[in-house]
Amino acid sequence: MADKGFFIAQLPRDGVVTFLALAREKELKPKRNGGLYLHLVLADRTGELDAKVWDNPQDTAALFERDDIVKVRGSVELYNDRPQLVVQRIRRCEEGEFQEADFCPASARNPEEMFAELRAFVESVADANLRSLLISIVEDADVAAPLKVAPAAMRVHHAFRSGLLEHTVSLCGLTEAIVGRYPRLNRDLLIAGAILHDIGKVEELEVSRRLGYTTRGQLVGHVALGLEILERHTARLQGFPIELKSVLQHLIVSHHGELDRGALKQPMLPEALAVSIMDLLDARLEQAWALIDQAPKDAEWTVYAPSLGRQLYRWQGGTAGVSAGSAVAA
Amino acid sequence: MADKGFFIAQLPRDGVVTFLALAREKELKPKRNGGLYLHLVLADRTGELDAKVWDNPQDTAALFERDDIVKVRGSVELYNDRPQLVVQRIRRCEEGEFQEADFCPASARNPEEMFAELRAFVESVADANLRSLLISIVEDADVAAPLKVAPAAMRVHHAFRSGLLEHTVSLCGLTEAIVGRYPRLNRDLLIAGAILHDIGKVEELEVSRRLGYTTRGQLVGHVALGLEILERHTARLQGFPIELKSVLQHLIVSHHGELDRGALKQPMLPEALAVSIMDLLDARLEQAWALIDQAPKDAEWTVYAPSLGRQLYRWQGGTAGVSAGSAVAA
Amino acid sequence: MADKGFFIAQLPRDGVVTFLALAREKELKPKRNGGLYLHLVLADRTGELDAKVWDNPQDTAALFERDDIVKVRGSVELYNDRPQLVVQRIRRCEEGEFQEADFCPASARNPEEMFAELRAFVESVADANLRSLLISIVEDADVAAPLKVAPAAMRVHHAFRSGLLEHTVSLCGLTEAIVGRYPRLNRDLLIAGAILHDIGKVEELEVSRRLGYTTRGQLVGHVALGLEILERHTARLQGFPIELKSVLQHLIVSHHGELDRGALKQPMLPEALAVSIMDLLDARLEQAWALIDQAPKDAEWTVYAPSLGRQLYRWQGGTAGVSAGSAVAA
Amino acid sequence: MADKGFFIAQLPRDGVVTFLALAREKELKPKRNGGLYLHLVLADRTGELDAKVWDNPQDTAALFERDDIVKVRGSVELYNDRPQLVVQRIRRCEEGEFQEADFCPASARNPEEMFAELRAFVESVADANLRSLLISIVEDADVAAPLKVAPAAMRVHHAFRSGLLEHTVSLCGLTEAIVGRYPRLNRDLLIAGAILHDIGKVEELEVSRRLGYTTRGQLVGHVALGLEILERHTARLQGFPIELKSVLQHLIVSHHGELDRGALKQPMLPEALAVSIMDLLDARLEQAWALIDQAPKDAEWTVYAPSLGRQLYRWQGGTAGVSAGSAVAA
Amino acid sequence: MADKGFFIAQLPRDGVVTFLALAREKELKPKRNGGLYLHLVLADRTGELDAKVWDNPQDTAALFERDDIVKVRGSVELYNDRPQLVVQRIRRCEEGEFQEADFCPASARNPEEMFAELRAFVESVADANLRSLLISIVEDADVAAPLKVAPAAMRVHHAFRSGLLEHTVSLCGLTEAIVGRYPRLNRDLLIAGAILHDIGKVEELEVSRRLGYTTRGQLVGHVALGLEILERHTARLQGFPIELKSVLQHLIVSHHGELDRGALKQPMLPEALAVSIMDLLDARLEQAWALIDQAPKDAEWTVYAPSLGRQLYRWQGGTAGVSAGSAVAA
Amino acid sequence: MADKGFFIAQLPRDGVVTFLALAREKELKPKRNGGLYLHLVLADRTGELDAKVWDNPQDTAALFERDDIVKVRGSVELYNDRPQLVVQRIRRCEEGEFQEADFCPASARNPEEMFAELRAFVESVADANLRSLLISIVEDADVAAPLKVAPAAMRVHHAFRSGLLEHTVSLCGLTEAIVGRYPRLNRDLLIAGAILHDIGKVEELEVSRRLGYTTRGQLVGHVALGLEILERHTARLQGFPIELKSVLQHLIVSHHGELDRGALKQPMLPEALAVSIMDLLDARLEQAWALIDQAPKDAEWTVYAPSLGRQLYRWQGGTAGVSAGSAVAA
């Protein structure tokens, strides 16, 4: 495997550099004094960079496609206070020369480690029928493979490689915490709800170099795709209790909580209420911190997040101690 | 203090009994063959009972008012399969003869014990300014006294004596659980949010023998009354940080989560999001189990709960093990 | 099979009669002068009748249960201008003594005849894969049997025995009419949509003597149950095209038309739009005429229909010719 | 009349051409090396083309106005892979030199032919009063003339010249189809509803070279303008039945179906329900196919349509046979 | 004309009385000891009274119909603390024996006086065309006669005889007040808007002994009926300016203010905004005081008003001086 | 104080000018032929102007910051028909050299004059407690100072310097007008409502060179900030009646009228209804005329106002007489 070389966020401000990047945009443009040049946007999981090819732009443009990974060599220059790259050499990389995960935002956690955690939660389920079902699902290669890489959403929350798995494992952990406070809750059902509620997203969302919906995802949606996976696996298990199956279907169709937010049924068991509300908590907190972390260092407010309909407050007191650094009232 | 005597749920099905009860309804009605009788509904925190006074109904009716606590002696009879009481003697009880809490639904937990827990949560707050404020509030007699008895709502959830305190302490505990899973959350703010978000309810809701809104509660509401309490106490504390005060006000005005559900502002800090969602979780679970516990033993569904817009499913599998007793699919 | 005897709507206004009826209500009540009598409400598909048992009420009450079919003999009397029955003899009927359909409202059309029509629509599907699938589903005994008796809804529209089948066949016929006007529409998909969109109702709704939701129906809903049936049958068909399956799933999840009316996805194909809108047309017209037919003969307006949020206008001009009988404007 | 010359969609990729076009945009812009040039956007009903005038830009700009029809001669060149025109000669055309319909999108059907169809539907109305009224309206020059050219909407559906007439005639035809399936529907009322429901649009929408609302249209709307036309014509007919008039007014005010979608009254007759739902069907299908036809040949999805809140799926299986070309599931 | 005799609100608590009343309810009921009696509810514009006929109930019942005005003689008795009448003689009154207005709630103001005020407002309009139009409308017998008696609504506000006129004149007066504060407002248009916005209610609402919608009112609604009246009268006026007509139509179709509250168009002129908001103010205040005046003397809160979604606070401080009688805060 | 010099709206179309302006935008841009120039947008309360610095752009850019007031000298030139300034000299102005109000839109009325009017309204309050409270508030320097400059909103209505005060005084005046028509309204409460309903905006909105929310404003909002001010001042007044305080709090929390428009409580007193509706009237009319005044002279329609969801009609007849200049209908 070729070395990735520099990550874009760590590029020096000048000098000649060589590194791998995703060719996110590629366009021939007219030069001010006639002729053409090739305009590129290069990207990796740390950021983006404008690049220009002045020599042989048309031949160069034919060497690779948008969304290819390229190996590029060039000199970094400042333009309007922002670095750009003047390209000297560029070529398409083949599969095997790079790691997909270097080129799109990804979970900070190792997918295999998270999967092992998930596996342990499955093993801890007390009910034999339910445990068998969950094992059957998470060991199904058609589920396990995409589960390790799929995002939990295209935007909104956990919108990065392995985000679905990170969200799922986080919810399983939250289960332990909640069951400790509400011992009447059935732990088995909570684990099942944490794992199954979004499982259809393994078929709904593509993890290529651009996050996107699959055609099936757009036509059918992750709720119906999750029901399909559940049906496929309960059909394989001899004597799976029909009542338990209904309850698991209910956890899937009710997890959006309200009919006007995509739920086919409102949650009707305490466990369905808990899964739906914990799902909301985990999604909202991840989204909040992602917004906060993306804001400039000294910004008091994040950008406006359309899916939340608000900006978030980036309070220093939240980390520094709630009284620290505050102006004091007379 | 007079002995309460029998609780209504434990009355024998026949025989002469003496006990204390709340006179919930009182009405003179015409007898089928002319003349009047006195119809009563007697109640305590365990249930209700119809009662009839055949002799001297008008004189008897003058002895006490609706909502008085009465001492009653009479014989239990079955009428249409339900017990009723034929009253022999009845008189009004004076303050001191009875314990208020015997006559309306109340928390299963001891209020003083819960208050001590709350006090401990307050002491555990790390920030000195915030700790001083919370101590000032919970030790204010105008807050502490009603807090020990107020319900958290008239209907919906924790709609019983000391329900507000039970809900508050439960949320504080939930905080510990959540902070363990999301260490970026500021524990001090979560404790403050748990205690302050509904604190205005100490002035909004009356705990007399009928739950009800006070006039101030109906005109102004618990959000504004909570802000008033906060203002009163921050005004007393020299040098309370203005930024922290704003954040506490934000926790109060945002705790209903959405503008169309009574929030003046949407939650804009991770901690405000967490308080609002945990509040929902605790309220929904308490309400769900209350509905489930009130349903007849073999009912599969609870009554329809208008505030939820649904019935809840009373699944035996939830307690007996998710596969137990289930029909097995072929 | 015992003779049904009189239907309630055709009972004479006096005299002794014998007939079969559903015991819809059964309650012991106190007589004005002491003692008890047995109050009954008897019903068949034509209406209801109050009945009273004055002799041996308690023994009589033990002979049958609410919702049993009973054979009753008694004399008809007028009470407050309405007929009631004074019961002389009453006993429970056994299975085989009566026809279920006599005791609840049912389609005016013969279920077997409608099923044959449905079968013919299935045969007319041009695409072999789709035709095989539809045959597999409608010949599945778990589908065909309940399909012949299920209502299309508990209230609202086609809320009677075999209403689902009547609605389905009506939609198939509408398909022919629409395809004639819009030849770009794919007839095969429209037939499939007409048959599959509500197919989950065969498991959602019970047709016993009271219409009602099954537990699975209430927890999971007919959309998810329809997807389950589709999954079960596509799994049995070797090489069923995955794209076609996605489109069929889309027809099911989108047929309520709008996200806030229960659709998981908005219709995204012309055929999905057409199925959803024709479904609305057929449901609304059936409901409208049912309301109109139930109104008294000379009523200008029907009762208020909560599901429509309106009364309907019962215009004589609609049938008699639009100018006939109208007052003429000066 | 001057020859139109090339239509824009059929222009050669190079060479000198002469043709008539609408000057949709006209703006003087600075050249890179100083001085000005004239930037134009030329349009006809088949598409748009950028054009540039390098010589005498200011004098040329004075020769015509935005929205004029111009005769232009120039050479076609490729710029960034898209053709543009370098103008040599350009001049304003006078009325009589061109056909309006060449320059904005128009119905594929001949307006006179459609009007004849409409006239036949009117003649087929059985009720003499209603037939006289409809004849009076469609033969009114103030209605007939704009009806032949008006669009049915500015955006959304049938948003092209004669779109209103195409929509009206299509609905009349749909009436025949529906009456065949639901013989209780009154055919006369359906025809009247199809013709009258949108008739106010003849005064609401302008058909000039830009679709747009008239001032009356924007202030009063097509519902009230339709009522005005109806009032004007019933006033002229001696003895028009008042009840029938009320029903026709009802068809107009209820045709948007729901109060929150612009209906003054919900549909209260079966015929009003049918008109409103068929209107929706015809509008949605036209809009869907327009979106599908405008999408690039190999696009699986159309652009996002804000008025629908969705993209549409452009399924090849819809035309090629539902199984054709599909990937086959294992 | 017969003397009305006592009004129900002023009846003595015992003794024999004779008076005229509306027979709102009339029903034969079984007596406790067999046989029948006649139960009546008598009403006039001041209230209601239960009445009973013990002798010859069936013959008596045949003497008059529900909603007839009757002359009744009987003795007042207390029953369960409420007065009721034991009827001795009762008979139907003929037209001419009574004044309609005594038997349903009516405006406290004299209709002729209010009409004269309205006439004066019309005369004060400066623009000759507009003045002619308004004169034409208010002098049209088909408008003037019902305008003097129609209510402004069936429930909600001004729901009494002549309520529409009272509301209209009140709005005209409010116009003067508002124009004084906002001199840019056109007074003529405000007067026109006050008079025309609800004018269709003269055909929408019936003023018989029961308030109710006419069939036209229910099918077409007062907005469309108002447009019809406007059309009829502008058609009679030679050369009425079309722009002014459009603006008047706009005032009618926009007066409900918001599309989801029944407006066909949102108000688009300052005068249309003002008419719509003043209409709301006048309606809300009348409704508020009606609720307050109907509440028992010492009630702090009115009944819950479904159309407002709230109870109103009956504050003594509002009349007695805002500090008077208030508890004083420590 | 330096002379402001020209206002931007009055600049000559050529020649050399000197004036003061706000530097709203400041950006270095590449010249077409290499090197950089400095692009500026200059603004004052009358408008905006593009400006360019060709010489020493980088040094010049270092002389001042965005949002500074600058003194600029340069020559006016036309570019694409719009004037722009070629800068010769530019420097930052110090406090004292200019009047803030010259650089942002401001009320047409003098703030001190309006404040004196407000003071007079306060003095006119009859109730001593209420008068004392209002004096305490409007004489509080923390209120009075920002009240004289704060806008009433960032957008929507009265969005200019001193807009809050203008809106408040306008509402007080409207009070007089309304009380004249509805003598049951309590004038004292209306004055209090007019003054207090938006008083929190003195802390919510900043009046710097850019209108904007304060951090407290964004977190807490003007409703809660208004409650805080009320609490602070009632706490200072010995024996302020608690009932009156509740009613004042109610006026603040209810003034948005509807729960889904930001009200914590719906208005429950006639005076609360009146304040909320008059607030709407004053806001809407100001906004309407602002839109109308900003539209080009001969435009029939204003721009689309997103907060209103509509364009407004700029009717000449509104000012010129409703028939004047209108086309006359045949």
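When the chains are written out, they are named A, B, C, D, E and F in that same order, and each has its own residue count from 1.
Simple rule for what comes next: contacts are C-beta pairs under 8 Å (C-beta built on N, C-alpha and C of every residue); 3 or more make two chains touch, one makes a residue touch a chain.
Everything quoted here is computed from the prediction, not taken from an experiment.
Identification of common neighbours of subunit C and subunit E yields B, D. Set against the C-alpha centre of subunit E, every other chain centre is closer than that of A. Where subunit A touches subunit C, the two copies mostly use the same residue numbers: shared numbers make up over half of all numbers in play. Relative to subunit F, the chain whose mean Cα position lies farthest away is C.
Contact tally for B-F versus C-D: the pair with more C-beta pairs in contact is C-D. When subunit B is laid over subunit C using CA atoms, the rotation angle comes to 120 degrees (nearest 5). Chain centres here are Cα averages; for subunit B and subunit D they lie 62 Å apart.
One inter-chain figure worth recording: subunit B and subunit E are separated by 43 Å, centre to centre, where each centre is the mean of the chain's CA atoms. In subunit A, the residues touching two or more other chains are 32, 215, 218-219, 242-243, 247, 250, 268, 311, 313. Each chain pair that touches appears in this list: A-B, A-C, A-D, A-F, B-C, B-E, B-F, C-D, C-E, D-E, D-F, E-F.
For subunit F in complex with subunit B, the touching residues are 215-216, 218-221, 223-224, 227-228, 231-232, 235, 242-243, 246-247, 249-250, 252-253, 259-260, 262, 264-265, 268. Residues 32, 79-80, 300-301, 311, 313 of subunit D touch subunit A in their complex. Residue ranges on subunit C touching subunit D, taken from their complex, read 126-130, 170, 173-174, 177-178, 180-182, 184-186, 188-189, 234, 239-245, 247, 250, 266, 268-271, 273-274, 277-278, 280-281, 284-285, 288-289, 292, 308-313, 315, 317-319, 321-323, 326-330. If you check the complex, the residues on subunit F that touch subunit A are 28-30, 32-33, 215, 218-219.
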